[in-house]
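There are structures below to look over.
Two complexes, one shared chain (chain A), two partners (chain B, chain C).
Now for the complex of A and B:
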């Protein structure tokens, strides 16, 4: 069917044409829709329902772990926007996450003899946790936009070290090394998201409430990111990634596009940073080191570069993997005797990054994509 | 003889690009491989020189043989050592090397003793390159770069040279020069498989031609016959008799093909 033909079919006038052909799109909007096929709609619904049901089925620690998955996923989406979509390798993600964490603690944390905190509402500190890193990101971006590839990686690497030093020394905000600080208080207009509450007659534990909160936030931010990615700006990101000079010739302003990518990415990182200390209780400034950045890179590499769902899969993988190793360790040879569980976790982590880079650069999401396309294309038409 | 039998290539496990192609390049000949964009011409060359895995492609069926020995499992360096040289599409010079260094890189698999003699041969074949010997390759003009990469491939003394669109983006006069050079190279004993959009130029010098269409060989005839074929004249040479354009007669070899199979 030629393009002209598809254009003239209107959905109303030609129901018969469309019947039994779920992937025949008659409008660009429907082709671009987030859930463009019936099976996608169905399975997304099932997945969301299952996720909402999970905290009632699992124990406290697992619910907390899944909450951590959501938070890492938000940070992962941020890195994927700048690295996956816009193609600007950033090793400095930990810095922005840390900045978000300490902004949240400053605005929302409880003050003490040695610590400063304003005890503001989450309605203020959570947006601030995103905005402050975003502003810093916007400041750094013009520098970063001047360099490419390896040089950019080194430049952003520098950020991590600057950040580590700052976080260590700014004791009145961060608590200082080895001491750390508790997360901000997640209270919105008197409702605390990290306290046991009774809602509509249901007694909910604080882990469950925070789980729902983080999940809702992930859904909102994930959909926003998907929308950004399929918008004009998202296409500009991808154009800059694929061939920056060609993009410039097409009228995409390189500097502005890269700066926006960094800004949005840092915003996501900051939000993840604001929630992270709440979920883990307290956090040391040493946490925001190079390894933390690498963890985020691993999330997008293993999950899938330039896919939002991939970031979420990758986050689940990275957060749950140590637990999986821990649980299975007693049944595996060598682990526990020759190498400790912790070392086994790290080795597996490194090995997985290598394996994915070599075998499936598009990550777990790419594997799924390949499987789907295979079944779509099979058998071949000769 | 470089030959392929019923070759099938699949990219990403999903996209079937070559649907059973058989062609052969006899020793000492020039064979033209024609076809529209996306017909699979470049894939044929990639399959021969073992470059498919870079593009996540795989040979799923068929064989490629060099003088009867299968070579379709070899990687790219091994095929070069076996005597097949490829000139890739779009002038891939090592831009920061001088012309001389570019050519010497081409002799990577050759014996050390042959390098000087081969350099001499290339510089006599391409006098323009001799003039620019010490210049950085990235600063050469398009035609000179094309000569440079052809020369580079010849440094390994290939018995079979695969040329992917050597006329791409060159002025008609330079295209003529390149054409004459291909003939000269062939006369020096190198067989050539010439992949071209410029059918006019390719059929002028080839002895045999294949026309590829969506992964299948639809015509396999001596170049002289192809030059006279109405379809080829119309679709590839752009020659059409005035008023004879009835679309009922369009591409009748396709219909013929259907009757046969």
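Now for the complex of A and C:
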């Protein structure tokens, strides 16, 4: 099942047919291209340019918050690969994120009296932060592949609790409960990505540098995930999700597909985990609990299941929501008097999952699709 | 020996509470094919209502328990009507995620109502102890076991003997056929959630009677009913009871004997024991001890 490179119809004879019809595809590869329309190319460019400009326009805390969005988006893409594309519901994502975080701290963190750390370069610790969770994911996956649906959800939920216990007990690596540990040092060949630097005469703050770094990583990993999703493996994921028995009958190796889905997803989770403590400063083992897993599920449910851009939108939504509630609280009735800001955030979080599942199962991305198709067909939209 | 007996009695006590919560899960799962992750939130809300009735309205303890069960039955049925009824016909995963969302909404509500206080249930047992097989054990553990198992037995008899129970079992077996036979399937969903809510309230009271009272975070204790239903089988009440008591005893034994004998496993290892048992159970019997194997069709 290679990409069908049939170059049959397009040549000379049909040039005339194609003229003025930019969205008429005569090749599968062109239809499946990442940026298959002119407006997509334009607006993606504008969006990227705008994202690159943002850190110069916003305050420090907002830049930090957007960096967090990128990190959550990487983790969200990972969960979307296994849950959205391959249909294997995982409540254990927090465990893999945590594993990535502590792997990065072990390899890249500074040692102290009580903590172990190797102080290696980011070129080593960041890949390791992905690889170690990936290996664990590959180990767990054959077990997870034995069970389906809700059983799988509950099994992975068990993983979170076991993981939380491990993180609490491995004090020499994680710092222990309520103490935590600082993130690894993001230094590549002497260049620190989390330090104020002067580049080509521009003085850049550390938040800005790390923002650019995380954004670049998100773009690379997003494109990789998107490519995986439209490859042979991605089609196998979708087949397993839609009906696993039917997929097996058609020759999709079930176990291998599920194992790969878990492995790749855990890799993404681990990378997000490696970056997270750098962005937030220090992190406790308690952070990687069930709530954290549910946050990731909310990211893909609210953003859009089985879409990469949806994962990013969802991450932005989940990370920025608390801030939004905080900012708007003084203008809203009830909040602040009857319920505190924090409680309003949590309740809104739960309510939003329910509202999106009931009203728009395809998430914000689905809303965008509906809007786009409405205007695309306007004035004949029905 | 005395320590062993005391430990087992304590384990059976807490295990029967797990069984009670698990039966709530099972009833909803059988009726609607949904695993109700919101159950733990119902458990602490039930405990809160009980404390409210006892201390703010001065009701005697048994009346307060009945009152909180009734209140939670109402909340359960309402929840089903508002949030779960629109999910009929949707994939089970979506419905399960709705209950996860509900869990957070209800949990936050309960945490807000309870605050940072420790609530007590005003139960008559307190810390008093009783002679049992040559050692003294907490009265409360015996009471927990008896009350929980009685409640589960009542549910079992109700499902087996009453007309409504028959209708519920018919719904569980096949919703469309039940509908064709004149069963009001929607109402059965509501009744299932109401029963489950009432059981959750009772379980909440049982958890809260333990010496230390109850805090909002105990919702995560109630999550231990998930390993129980996996071990027992998602659709088996008998399985819930057996697995609940097994896991309760295993947890209590670990708590007593692991410190000192196996310190390398770390502090509070008993908290993860139910989950480890669940993982092993899934490896050996993916459908639990008494669960029905899922029929797979292309």
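Rule of thumb we're sticking to: the second predicted complex is superposed on the first by the 360 of 382 C-alpha atoms of A that agree within 3 Å, B and C clash if a C-alpha of one lies under 4 Å from a C-alpha of the other, contacts with A are read in each partner's own complex, and residues count from 1 in each chain.
Criterion: a contact is a pair of C-beta atoms (placed from the backbone, for glycine too) under 8 Å apart; a residue touches a chain by one contact, two chains touch by 3 or more.
What you see is a predicted model, and the numbers here were worked out from it, not measured in a lab.
Set against each other, chain B and chain C differ in how many residues of chain A they touch, and the higher count belongs to C.
In the overlay built on the shared chain, the residue A:45 is in contact with neither chain B nor chain C.
In the superposition on chain A, A:370 makes contact with chain B only, while chain C stays out of contact range.
Of the two partner chains placed around the shared chain by superposition, neither chain B nor chain C is touched by A:59. When the two structures are aligned on the shared chain, A:352 is found in touch with chain C, with no touch to chain B. Look at A:380: by the touch rule set out above, it reaches chain B but stays clear of chain C.
By the touch criterion defined above, A:301 lies against chain C but remains apart from chain B after alignment on the C-alpha atoms of chain A.
Comparing the two complexes, no residue of chain A contacts chain B in one case and chain C in the other.
For chain A in complex with chain C, the residues that touch the partner chain are 89, 143, 146-151, 153-155, 157-158, 161-162, 165, 168-169, 243, 245-246, 249, 290-291, 294, 297, 301, 339, 343, 346-347, 349-354, 357-358, 361. Per the touch definition, chain C reaches chain A in the complex via residues 35, 83, 86-87, 90, 92-94, 96-98, 100-109, 111-112, 220, 223, 226-227, 229-230, 234, 265-269, 271-272, 275-276, 278-279, 282-283, 286-287, 294, 296-298. Those residues of chain B that touch chain A in the shared complex are 10, 12-16, 19-20. Chain A meets chain B in the complex at residues 370, 373-374, 376-377, 380-382.
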